[in-house]
Amino acid sequence: MIEVLRHALALAAKDLRVELRSRTALVSAIAFAALVLVIFNFARDPTTVSSRDLAPSVLWVTFTFAAMLTFNRSFALEKENGAMDGLLLSPVPRGAIFLGKYFANLGFVVTVQAVTLPLFVLFFNVGLGGALPGLLLVTVLGTLGFVAVGTVFASMAVRTRFADLMLPVLLLPFLVPPVIGAVQVTTRLLAGRPLLEQAGWLRILGVYDVVFLTVCAMVFPSLLDE
Amino acid sequence: MALSAGTGSLQVILGPNGAGKTTLLRILAGLTRPTSGQVLVLGHSLRNTPRLRREIGLLSHQSLLYDDLTPRENLTFIARLYGLKAPDQSAMAALDAVGLAQRSADPVRRLSRGMVQRVAIARALLHRPRILLLDEPFTGLDPRAADRLVRLLEEQLAAGTAVVVVAHSLYDIWPVATRISVLVRGQWVIDEPRPTDRDRFMVRVQEAFSD
Amino acid sequence: MTPTPENAAATIRRGLLLSTVGLLGLALVYLLAHRFTPIEVRQGLAQKIFYVHAPAAWAAMLAFALVGVCGGLYLWLRDPRLDLFAEASAEVGLVFGLIMLTTGPIWGKPIWGTWWTWDARLTLTLLLVFLFVGYRALRGALSDPAERARYSAVVGILGLMLVPFVHLSVYLFRTLHPQPVLLKPSAPSMPAPMLRTLLTSIAVFTLLYVGFAMTRYGLGLMREARGAADAD
């Protein structure tokens, strides 16, 4: 287990290093998120729809769509020069390959979220009050699961010619439960409701995360040809 | 079909395109699952013994490298994957062995094709595998590089490495070949130790190709 | 293990036979619903579409479950026929899903005045349809059969795991945000003739599923058999 974790972190570190050299995917995702926020601001009639009502939905649509942009990158990187073969040649446990990509994707998504959240607060004039810790929690719980599914689907999508279309087509249905839950909790937190009250939804999000992370980790090695 | 490679011997696999040479090599490397049969490395099934992967090195026609990283970073990463004790040192030593120590800090993207191939060779040999697999390694090499590769193969053979080379021409590999087999449409049509008369053998191979 | 054209043709024949019986059964259901089932008091005649709507949903779910199960079995046993059957089931499931989604609005409009409602069942079936479409899109984009089979299997399994979560979250969402309630007689309190028609319809739709899936599976086998013959 420690072995697997060690290899996974080495893999994720490598991905991070590669991305920091070129920075293209990260910058694009952040720019996308910012632009989506801007468009949402203009895509409503401010006199009839208050930003407060729309805010949680906007936040989560932005989070999830921007996140989807980063997933294909993780495997497109391995497709160039056949680097994936290099990983598979080595004695690295296959679970570590999944976990490494998962950690890398998680890292990118969290980075994008870390930039998006302050922008969101700014653009939508959202009074956070004491809601920040709760918001951070729901953001984490809402993210862990779908990033796992996104990682698995990205590994498949890059093998097709329409990777950027294939990934959302496959992944969007899997966003429904986390987005429903996350928006419910976010709405209430922003309205000042206590975090403890959201335990039910948070539990569902947590179970979703555990189930999908486990299933994805178990199923990933079968995707490989060996 | 059966294939075996012994220590210090170099097995050449020839064949026209589509014969299955690359697939065979990938199966030997443990990258592709065969429809039936198994790969035994040092007597053990490769599938069931992941640590045996340490004994295999592959030189593919793709470099298997990350273009945005430097050769040093690439090899250090690989060294970690293979569990080598001093990853950075092993990486630099391998680069030194192929004469690229001074370019170790340039992203692979900026290296010439020949240099990339040398880094790829360093990568394949980094973990001192006992089995070396090469997929059409002489393609696109200038005579000096081809010569360097042949000398490297000689060194490896002298050290007891078992080598399997997929090629579509015998010209470059002839001096070091121990055994030559020709694969046509998934079947061996020639399978024998390297004969003394190269030209006559080449004619036989040509005929085998055109069947 | 390559299928022969004879096996494939036999499977197709069996499938067509079952489908024909099923279609006759469908005519029977129509008759039952029309003549031998009372008209529901609150909803009137429009309610009778329920006898097609609900079993279609059931068949779509059955198809979906089998796609997932065959996928899991394929990853374990690596028998290509499991993948071929999953492919057939996905196609048939898509059709039943679309039937459910079109009969829903046809039922809904006269009753509560809107074409669509986000109730748990409709939403789940809609997502199933999207999953079926995604499944087929992925298959269409992959040419290597073994790779296609592995990848489809994973999508099937993950999709199956998704269903309980979608059901739960949409249900909870709706109890918090009541929307037009889908009026329908719930099973326990359904009068006997209605229950009888419903159960008959469910049986008929199950038979239709098996018949269609088998026919489509046979067609898949035939495609493989022809492909193998061409290659020689």
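Every chain is named by a letter (A, B and C) in the order it is written, and numbering of its residues begins at 1.
What we mean here is this: contacts are C-beta pairs under 8 Å (C-beta built on N, C-alpha and C of every residue); 3 or more make two chains touch, one makes a residue touch a chain.
Here the structure is a predicted model, which means the values were calculated and not measured.
Think of each touching pair as a link: the shortest run of links from chain B to chain C has 2 of them. Taking the mean of each chain's C-alpha atoms as its centre, the chain lying closest to the overall protein C-alpha centroid is A. Summarising the inter-chain layout, the chain whose CA centre lies farthest from the centre of chain B is C. Computed centre separation for the pair chain B/chain C is 51 angstrom, with centres defined by C-alpha atoms.
If you average the Cα atoms of chain A and of chain C, the two centres end up 31 Å apart. Here the CA centre of chain A is 39 Å from the CA centre of chain B. Shown for chain A are the residues that touch two or more other chains, namely 225. Chain A makes touch with chain C in their complex at residues 149, 152-153, 156, 159-162, 166, 169-170, 172-174, 176-177, 180-181, 184, 200-201, 204, 208, 211-212, 215-216, 219, 222-223, 225.
Of all residues in chain C, those touching chain A in their complex are 75, 127, 130-131, 133-134, 137-138, 141-142, 146-147, 150-151, 153-155, 157-159, 161-162, 165-166, 168-170, 172-173, 176.
Within the complex formed with chain A, the residues of chain B that make contact are 29-33, 47, 50-54, 56, 58, 60, 62-69, 73, 77-78, 80-83, 107, 123.
By the touch rule above, chain A contacts chain B in their complex via residues 7, 10, 14, 17-18, 21-22, 77, 80-83, 85-93, 225-226.
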